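What follows is subunit A paired twice: with subunit B in the first complex and subunit C in the second.
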Partner chain A sequence: MISINTILKEVLNMSDKSLPSPFWVMVRKEISEHIKSWRFFILMGLILLTTSGSIYTILSVIRDNPAQLSANNTFLYLALFTTSINNLPPFITLIGFLGPLIGIAFGFDAVSSEKNSGTLSRIFSQPVPRDYFINSKFAGAYIVIILLIFALGFLVTGTGILYIGLLPAAEEVFRLFMFLIFTAVYIAFWLNLAIMFSILFKQPSTSALSVLAIWLFFTIFYSLLVQFGTHTFLPADGFAAQQVTIALSRLSPDFLYNELVTVLLNPSIRSLGALSFEQISDTLPSLLPVGQSILLVWQDIIAIVAATLICFGISYALFMRREIRA
Partner chain B sequence: MEKKYILIFNLLLFLFFSLSIQSSLASYQGIVIYTPYTSQSVSPGESLSYDVEIINQSDQIETVSIKVLGVPDSWDPKLTAGNTIIDEISVKPESFGSDFSKTVKLDLSIPLEINRGRYDLEILAETNSGLQRVLPLHVQVIEQGVFETDMEVTQANMEGYADSEFNYNITLNNRTAATQNYSLVASAPTGWGVRFRVRGNYATSVQLEPGDSETLTVNVKSPMRAEAGSYTIDIRAVSGSATAEASLETVIQGEYDLDLVTPSGRLSADVTAGQSTTIPLLLRNTGTIPLEDISLRASAPAEWSVEFDVEENRVSRLDAGEELPINAVVSSSNKAIAGDYRLNIDANASEASANANFRITVRRSVATGATGLTFIVLVAGGIFYLVKKFGRR
Partner chain C sequence: MIKVTDLVKDYKQKRAVDHLDLTIKKGEVFGLLGPNGAGKTTIILSLLGLTEPTSGSVYVNDWNATSEPLKVKRIIGYLPDNVGFPENSSGFESLIYTGMLNGIPEKKAAEKAAGLLKVIGLEDAGYRKTKTYSKGMKQRLGLADVLMKDPEIMILDEPTTGIDPKGIQEFLRLIRNLSKQKGITVLLSSHLLHQVQRICDRVGILVDGKLLAEGNVQELAEKLSPGHKGRIIVKAEPITDDVIRELMNLPDIGTIKKENGHLIIEGSSGLLPYISKTLVYRGADLYQISSKEYSLDDIYQHYFEGGAEHV
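Up next is the complex of A and B:
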């Protein structure tokens, strides 16, 4: 913690000569509060426990019986993140499930708790612009999330290097970086959503329950609803049913994130959704270069980034127009 | 006086009787020589043998010396009995038991160098008591003898494709009187390889005893690009005193072969979905005969098209060894997904065909992502507007 603080000091204090900008002072305060909070430790422990189980199983398989992994998977480090063995969910699924919880935990009481405890008006008695508050709330939490995600990714890769004894290829490193970046963006979406609810509702518990309800709806019930809906109105095995299912599923951020990281970490995936016979005739199994994989999920990237920005924009607008001195 | 006459008469009678007995004994006296085949026919170089039976008809053991007369030394006459060479033999009389005749074997080897015709010879048997018996024999040499080497080829004409091997079997006969060391020589058109094989091993010379023969294999290898036609290869076996020659004929049949490659050898190409790429091809006649009316055809994924820069996708004529560069323009479907597709191009003439398999890597155009980016820019613009409107106040 001390080292992180010193690093942050180095980074955030632009220079020792001039006084730090009030915005960065506020961000630093946010970071230190998050890092010292119990929810950070609990979530961190939860993620470490679940992912280490998954990673350990895969590593032992790689060491003892690599043939058990898919034979045409030439990217061992990507397999580390995507392979599911003994019904243990792979790393990407665990992160896709627990990641939003970090965002929600960091954001659900961001504004309302300050307002309820009266610290909000004390902040604004200082000569700082009003949007510094909402910006620093987001920036502080987001920096912690980025650090957490990258630390986790590097931890897994590092353990992999120790176990396997091979260095990851440049292509793998690049794909892993993209994966970590978009994971952070996806968590930022839930963070912004949670901040939005913390502005909307005075009670932190109300906002927490609402965001959790949305999270549960999209991760568990939405796909069931889509399946049920399309199967009721369209023939089950038809091409149209598949296309409608995928189109409706893409409304769910959870589905978008899963599709995005699955394609990013699996170079052998060439397309999303249903394909016509014309498209698959005479195809040869091949691995896509990174650029083509990114192009394939470009729509998902746009959707997630846009949703994150829109949530932030709404929170910003809501906060700026709200009467806070009451 | 009368008594004296009777005595003389008796004496005369006795004499007569004894004489008559003597004369009757004389017809059984001495020896007889006999052989069943007194006249035989042979070819030069062959050998001949007679079984001559000597029969003792006297009442005592007769020792008979035997000579062969009228035989040139080159015929190498040899008298044998019971594996030994003899010139004298004793025969028991009939009264001694059953074994009153002996067989003597006369071996003659007829030389190679001999004229055709009838040759007379005699066997002379003479007893110790000076009794002679003569057995005349005739040898008929039925063909003119030669003194040379000859070479026989069982099948002097063979047919095959260019760049193949032909194996001719020849028999070399040494019909001379001396051991010959033949060196084996071949004269073939340039580019042809001729080797001789004797008992499985390659050789350049062969040694033959007089009268021996040896089967040689002549291994003829035609050049890679021998044109269709017939070729003559002369082979000779030459020794110091004899020469044999034979002429072999090889008929090369024309071969049809076609090859479809790319100049660089690369069998892959990149294409952006919905656009086209050009694949340079080389059509090569690798046969030895011109090919006519070669049609080009591509089997591409659905909704793709392939066009060749030759009229009606046809090449009217391609000479042997000729290369023709052709460009294939491959247009991909705009619905093609990123990754690899298979493309097969065939060249077909009625006699030969060739094909090339390509792996075409499809890339999606980056331009498709631009619309998405404008959306992000719009959202970012909205946030910038909010900051402008509400911030810093």
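Up next is the complex of A and C:
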């Protein structure tokens, strides 16, 4: 653990001579607490176990039987993240599922545990502005999450390079980067939501259950509800039903994220909704350049970033207004 | 050093602090006494700028604690009620962290932390994880934590709760010594008067957000019970009305009551010779005479039961 601390010191203290700002001292403490926690190891283990299965299957297919992959898939490394073989969910689905769990696990007791253990009032009596606390809670957890996500992404790509022996194309690298960045933003949304509940509820278990309930609602029930709703009120196969379904689904952060990363990692997706025959009739079935893919999901990006910021804003406001009675 | 003027703090349901004035001089050990819910913690939080007063002002070292909390927090060390430390760090690490939050470079903070662990007697346990600590050890570590920033003022909220009696003695003596050696002003709150009166230069009694009295222990006793200097219990035979009348004529004597064969006389122990002389002179056989001074504890108890109506 000493080595981790030394590395953190190197990274966070720009130079030895100048004093580290209290904020970075606090962030550093957050990071080291997260990294030393059991929670972190369990999540790491969970993610590595589930994703390695999926990645391994795809890699062996690519090496031994590439014909099994669809013919127009020119981007092998993107396929690594998106293809589902033998009913094993692809990497993006797994991360979309487990990512929120990381955020929730790092945030659900961020404030309440400090309050309950009596460390909060001690920190507040130190000469640091009050918002340093909530900011460092977020920043500390978020730095760990970003490192985790990028490490995971690079690990998969690296394994791919070792296995396949080809280098990823620049466009692939760029798309992967975007994918990792927005995954981190998506997890930040859940982190902020969890931090918000940790301020609202005194009991960490209550807050964990509430966030998990929201998460389950959006990942499982929401899409069912939307389909059920539209099918009861609108003719089943109509264009209107489809539009309404998509519009309603986009209220779910889970749906937004899946749409976003699917488009980012699949250059062959050209549209998010249904296209009429006139629209398709003269198009060439080519792949979209990165810029166009991003343009396609621009509203999703905005929505996810906005939701993340709103959650943080609410947490911040709640926290600053709270009476600090032990 | 600390000057609170006309402080009022209202919560939704009740008024926690009611027009409170309080001045604490430099280097003084001040005890804020009151039952639970009297407003002690609220006063402390407003001194640290952690809660905004409804009206009135709080000045610490000539800084307004409400508008300049950072300056104030630089010189105040606060040991909260139920202090806690990150469970998976050692006490030593926690101290370094506090030091760094106060702008002390890590190396210096480590040296200082090691020194303080010696002062509070946790040289060995200080390097273990804090989740293994007893309540008393946590309180002592809390004191070291407060001292990390070289405070000019220490504020200790209920510092003795949960420590065993022997530990309390040591802990309070430690506080007193530190204050006198380093010239630190100390404000400590408690609901247990007899523990605190020994180490305080001055105490203030707080009931329902009002400061009923302040001063040193003797002053307080006089202020709180003018004329009620003590009780004298006499057993003598026979006691006639004449005797009682004569006793009433003695100076500085309060009421006289007859209670199952005893005379209960209000007055100080200085009256004992006069009373005994009077009785003997009047031909009564004196079997027992004793005086009981009101201890501050009695007075304190009396106020807590009766609330503010006695003022």
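Assume the second predicted complex is superposed on the first by the 317 of 326 C-alpha atoms of A that agree within 3 Å, B and C clash if a C-alpha of one lies under 4 Å from a C-alpha of the other, contacts with A are read in each partner's own complex, and residues count from 1 in each chain.
Everything below uses one rule, namely that a residue touches a chain if its C-beta (ideal position, glycine included) is under 8 Å from a C-beta of that chain, and two chains touch if they have at least 3 such contacts.
Small disclaimer: the values here were computed from a predicted structure and weren't measured.
Engineer: Look at where subunit B and subunit C land on subunit A after superposing the complexes, then choose clash or fit.
Structural biologist: fit
Engineer: Using the superposition on chain A described above, determine whether A:His231 touches subunit B (first), subunit C (second), both, or neither.
Structural biologist: A:His231: touches no partner chain.
Engineer: For the overlaid complexes, name the partner, subunit B or subunit C, with more touching residues on subunit A.
Structural biologist: After superposition, B is the partner touching more of subunit A.
Engineer: Taking the superposition as given, does A:Gln292 touch the first partner, subunit B, the second, subunit C, both, or neither?
Structural biologist: In the superposition, A:Gln292 contacts subunit B only.
Engineer: Classify the contacts of A:Ser121 with the two partner chains as first (subunit B alone), second (subunit C alone), both, or neither.
Structural biologist: Second partner only.
Engineer: Applying the touch criterion given at the start, work out whether A:Ser271 contacts subunit B, subunit C, both or neither, answering first, second, both or neither.
Structural biologist: The answer is first: A:Ser271 touches subunit B but not subunit C.
Engineer: In the superposed arrangement, does A:Tyr316 touch subunit B (first), subunit C (second), both or neither?
Structural biologist: In the superposed model, A:Tyr316 contacts subunit B only, not subunit C.
Engineer: What angle, rounded to a multiple of 10°, is defined by the Cα centres of subunit B, subunit A and subunit C, with the middle one as vertex?
Structural biologist: With subunit A as the vertex, subunit B and subunit C sit 170 degrees apart.
Engineer: Using the superposition on chain A described above, determine whether A:Ile302 touches subunit B (first), subunit C (second), both, or neither.
Structural biologist: First partner only, subunit B.
Engineer: Applying the touch criterion given at the start, work out whether A:Pro129 contacts subunit B, subunit C, both or neither, answering first, second, both or neither.
Structural biologist: Both partners.
Engineer: Of the partners subunit B and subunit C, which touch A:Thr283 in the superposed model: first, second, both, neither?
Structural biologist: In the superposed model, A:Thr283 contacts subunit B only, not subunit C.
Engineer: Smallest separation in Å between any Cα of subunit B and any Cα of subunit C in the superposed model?
Structural biologist: 7
Engineer: Across the two complexes, what residues of subunit A are contacted by subunit B and by subunit C?
Structural biologist: 129
Engineer: Can you name the residues of subunit C that touch subunit A in the complex?
Structural biologist: 41, 45, 48, 50-51, 70-71, 73-74, 76-78, 80-88, 97-98, 100-103, 105, 142, 145, 149
Engineer: Can you name the residues of subunit A that touch subunit C in the complex?
Structural biologist: Residues 19-20, 22, 25-26, 29, 33, 36-37, 117-119, 121-129, 323-326.
Engineer: What part of subunit B is in contact with subunit A in the complex they form?
Structural biologist: Spelled out, the residues of subunit B in touch with subunit A are 299-303, 333, 335-343, 359, 361, 363-364, 366, 368-369, 372-373, 375-376, 379-380, 382-383, 386-387, 390-393.
Engineer: Can you tell me which positions in subunit A touch subunit B when the two form their complex?
Structural biologist: Checking each residue of subunit A against subunit B gives 129-131, 270-271, 275-286, 288, 291-292, 295-296, 298-299, 301-302, 305-306, 309-310, 312-313, 316-317, 320-321.
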